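Pasting a structure here, questions to come.
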Amino acid sequence: MDRRTFLKASAGAGAFAAAGGLSAPAIAQGAAKTLRFVPQANLANFDPIWGTQYVVRNAAVLVWDTLYGFDENLKPQRQMVESEETSSDGLTWTFKLRPGLKFHDGEPVLAKDVVASLTRWSSRDTMGLMLKALQQELVAVDDRTVKWVLKKPYPKMLLALAKNSTPMAFIMPERIAKTDPFKQIEEYIGSGPMKFAKGEWVPGAKAVFEKFADYKPRDEKASWLAGGKNMLIDRIEWVVMPDPATAAAALQNGEVDWWENPITDLVPLLKKNRNVAVDIADPLGNIGAFRMNHLHPPFNDVKVRRAVLMALDQEEYMRALVGDDNSLWKPLPGYFTPGTPLYSEAGGEILKGKRDLAAAKKLLAESSYKGEPVTCIVAQDQPITKAQGDVTAELLKRLGMNVDFVATDWGTTGQRRALKSPPGQGGWGMFHTWHAGADCLNPAVYIAIRATGEKAWFGWPDVPAVETEVNNWFEAKNLDEEKAIIARLNKAALDSVVYAPTGFFLTYQAWRKNISGIGKGPIPFAWGVSKTA
Amino acid sequence: MFAYVVRRIIATIPVMAVVALFVFSLLFIAPGDPAAVIAGDQATPEQIERIRQSLGLDRPFLVQFSEWVWRLLHFDLGRSIFTNLPVTTMIAQRIEPTLSLTLITLVLSVIVAVPIGVLAAWKAGSFVDRAIMGFAVFGFSVPVFVIGYLLAYFFALELEWLPVQGYTPFAHGFVPWLENLILPSIALGCVYIALIARITRATMLEVLQQDYIRTARAKGLAQTPILFIHALKNASVPIVTVIGIGIALLIGGAVVTESVFAIPGLGRLTVDAILRRDYPVIQGIVLLFSFVYVLVNLGVDLIYTLIDPRIRY
Amino acid sequence: MPAVATPALPDLWPPVKIRRGFLGFLRRHPTVAIGSALLIVMIAIALFAPYLGTVDPTTLNTARRTRAPSADFWFGTDMLGRDIYSRVMYGARVSLTVGFSVAICASLIGLAIGLISGMLRFADGFIMRIMDGLMSIPPILLAIALMALTRGSIGNVILAITIAEIPRVSRLVRGVVLSLREQPYVDAAIAAGTRTPLIILRHILPNTLAPMTVQATYICASAMIIEAILSFIGAGVPPITPSWGNIMAEGRSLWQVKPFIVFFPAVFLSLTVLAVNLVGDGLRDALDPRMAKAL
């Protein structure tokens, strides 16, 4: 074709396209029944047993249900289970499911689904692995009854099934639960109050959940993961916004309804807005941390670790994280979550009171530290680790230690911290992280407090005294015994500095005032939340 | 003509091969471990190793590369390590916003830049010219995200004329789609407008010295037809070249703009994938961008033949 | 033939007094004058940062974070209580170092590659395919990808941006070399048996200097902006060492409430890039007006 025809044809095609666009009808939004939520991070994958990030769990509680669930007092309550029975010797647990439970594809929830799900879960979860080691058999007795027989009693069974720390014991259809625990599932069918709209999922941008009409909530009042999960919203859209400034603007404009974790500096702006409400997100809060490498110098010497702890100013760290608002942080001379039954300050004198830099330097001089550089890993893309890292660099400088500041990202941190080689050869000296308060309640869920040496969490602390107390705790008969044990554990852990707690801090959540029913908790619970236009 | 097009397409294959090898090796030697990120904070080293094996990340380079090329030739870009979705699906989900943003920016930039470039050339040396060129240099100098934040602040938050973020698909209506794209396009387009305006002015200046312009003027033609019909047409070749080259700049700038305005496009996907070491996604997208760039170059060459009949292949 | 006195032709237009020399050039191009002055100021800031009333830019004090500009903190403090004025002054060092280093390195390496490619026909196809391949990846994505390979540091940022800019320089140099190779005097030199290195040195190199210098200034400006974008993404110089890019990146979430954190480095960065661009334009006009079309 010649030039003119070509040009005319292109122009014609362009006009046609534009005309078609103009006549497309606007899709009616059922706005009053759609909740637009900004999550803490991107939902990149959606297998809550395989991927243990918090954001995956937060989405998973909408789609899958559990046998038991914590209520707001951290007590396990029945959810999918109608009744349970323990044999007198404590070795056999029998669970009976509630009638009428259905999966999103219409199939009923059967005991064999529970068996397969628990098998998969117990291959990945710490408490689950303990159960698996003790397991004699796990079978479906009939369609609604499950029997779990152990070789030794395990009093914390209900806690294991109810806990909200990842991975939670979600119940999936048998065919999906049979997937290898180290591979991702590809179907997202559960029996929870919402269905996952897989076709609308854009990882990194959007995830959509739709109300499951056949969900049968319990009669009790909802309390965290326990009670009746009544959905008053038809549709939830998760809108991923990596830029907090954009999220703040969107919330102010009404383009989103609920923001999981606004950064503290933007909160005054949100509080000023007449249409936005702001409150604490989770009373269990978070514990800031940095972990030192117990395998290699300089931190293999407890004196060096104690010297760092002596110079550590928790207020400095916390202010870097939460700013001027004093109601958002507490000093933490211990390892367990403040406000919970097992909180203890035993052995915490080193973190209390005015910082004695001279004494810390003296202790450092007595130690084996010879001035070698400390390889300090700081992930720049997580605001919490970034802020902590900057404060740590200053802390070490004040102490007179040599800092090799490695600025990297969260992904590389994850890889590098797993290396046991010496710092000069690709290893590390210290890295920063944080733990949700819900994960620091007791030794069962608290991977970071374990001190089994080479098998422990990164940093590999080896403190036999801590491990003795952990074993004691599992055997404990009542709360008073537990408290005494934990006090001894706390002291032992601080004496050897299993890791350095930088403080306890709370975060906010923000939502528009036409949304009601938003509660506080470790997970943004969507049941009971409603929206007026 | 047809033979030329075919020859050009075949010539792009070695370029694509270089890109493919480069991209694949780049990520292979990179540190950072997707298995560790997937496993999450509470995982033990053994669990991380098992995840790595299940993803096939522990096999030798050549094995992985050959497998990859083989699948590529079947249009299979693999599956994302993190989401387990096919990379082609992920790209398809995100391509509309980026395409829309790029398109609107392109149209906006050309519509604004070419006339002001022509104006600057016509009034060369005058205050108007200096003002326009000064403005253009400014467009180069201020970072995209600063412009983006300023625009969002004034037009979205203060005046509330436009939404502050997000993307409305075209299928939901032309006007909402456009509304979401106006501010990002302006932010992204500043650099582009500056570039095009400068080249337009420079080329027009040269063309305006030519004899045939003097003849046209002597013939008594009015200024506008001279400028736009005679001068501009002859100046188009370098202008179109710059527009073509600028598309690579646009793609790069889209990364930042999509982040500021929360547009779920390919730019953001790429940055997320790179920071998470999601190898298949990174490879797929970089290949796609290169392919697009190569296509754009081809398109530019074809457009040459349309606007300048002297150019024959 | 007898000499014939040619009558003096009348002037068609009055003679214009053209001021020669550098100062004359500046007078005719005031934008270049402004640009050069600005650039000199920025370089001075970078060099004399410790004497400009600054404190240690890394000292933090979280008790006084995000304070607005005041008599004590001229540009305010950032999220960790560090003095922004000091950080901006010291930040000039990083941004300028990145800009100049990338410009110099990319030019030198691109020059070498372009010369080799232009002079050695057998290497030309292969090298240019690689350069085309690299050029077809948008430079920012290439820089981010390269940064993802290593840890953030000034050296790595310079390296990453340099690699992204080399292909264009090499194309430019190659183009010059190819066109020069056809020139009669070069042909003559080859015929006379002059060895290649001498040809390059005497004939080719001088002709590449002008376009390369102009290109180098644009690369400098582009490198400074790319460094800012890399910091914005989180893949740039770590904030222990302040650069204008990473001061802005750290303050970006707060631009609505504490705009001064982003504002000051943005102004300085924009002015510096502007200055470099103006100088580049001036150089281009001075060295060869015909180059205006090529660049």
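Going by the order they are written in, the chains are A, B and C; count residues from 1 in each one.
By our rule, a contact is a pair of C-beta atoms (placed from the backbone, for glycine too) under 8 Å apart; a residue touches a chain by one contact, two chains touch by 3 or more.
Just so we're clear, the structure is a prediction, and the values are computed from it rather than from any experiment.
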| item | value |
| --- | --- |
| Chain closest to the middle [Cα centroid of all protein chains] | B |
| Contact-richer chain pair (by C-beta pairs counted) among A-C and A-B | A-B |
| Chain centre separation in whole Å, for chain C relative to chain B (CA means) | 22 |
| Whole-Å gap separating chain A and chain C, where each centre is the average of the chain's CA atoms | 46 |
| CA centroid of chain A to CA centroid of chain B, Å | 38 |
| Sites on chain C at which at least two other chains make contact | 148, 234-235, 252, 255-256 |
| Junction residues of chain B - those touching two or more other chains | 31-32, 149, 157, 259, 275, 277 |
| Residue list for chain A, restricted to those that touch at least two other chains | 243, 245, 249, 381, 408-409, 412 |
| For the chain C and chain A complex, residues of the former touching the latter | 58-60, 62-63, 65-66, 79-80, 148, 151-153, 234-235, 238-240, 252-258 |
| For the chain B and chain C complex, residues of the former touching the latter | 14-19, 22-23, 26-27, 29-32, 130, 134, 137-138, 140-146, 149, 153, 157, 202-203, 205-206, 238, 248-249, 251-253, 255-256, 259, 270-271, 274-275, 277, 282, 286, 289-290, 293-294 |
| Chain A-touching residues of chain B, taken from the complex the two chains share | 31-45, 47-48, 50-51, 53-54, 80, 82-85, 90, 93-94, 149, 152, 156-157, 160, 163-166, 170-174, 176-177, 259-262, 264, 268-269, 272, 275-277, 305-306, 309 |
| Sites on chain C touched by chain B in the complex | 31, 129-130, 132-141, 144-146, 148-150, 221, 225, 228-229, 232-235, 248, 252, 255-256, 262, 266, 269-271, 273-274, 277-278, 281, 292-293 |
| Footprint of chain B on chain A - complex, ascending | 3, 6-7, 18, 21-22, 24-27, 42, 44-46, 50-53, 124, 126, 165-166, 180, 182-184, 186, 202-206, 239-243, 245-247, 249-250, 252-253, 255, 381, 408-412, 414-418, 433, 435, 439, 447-448, 455, 457-458 |
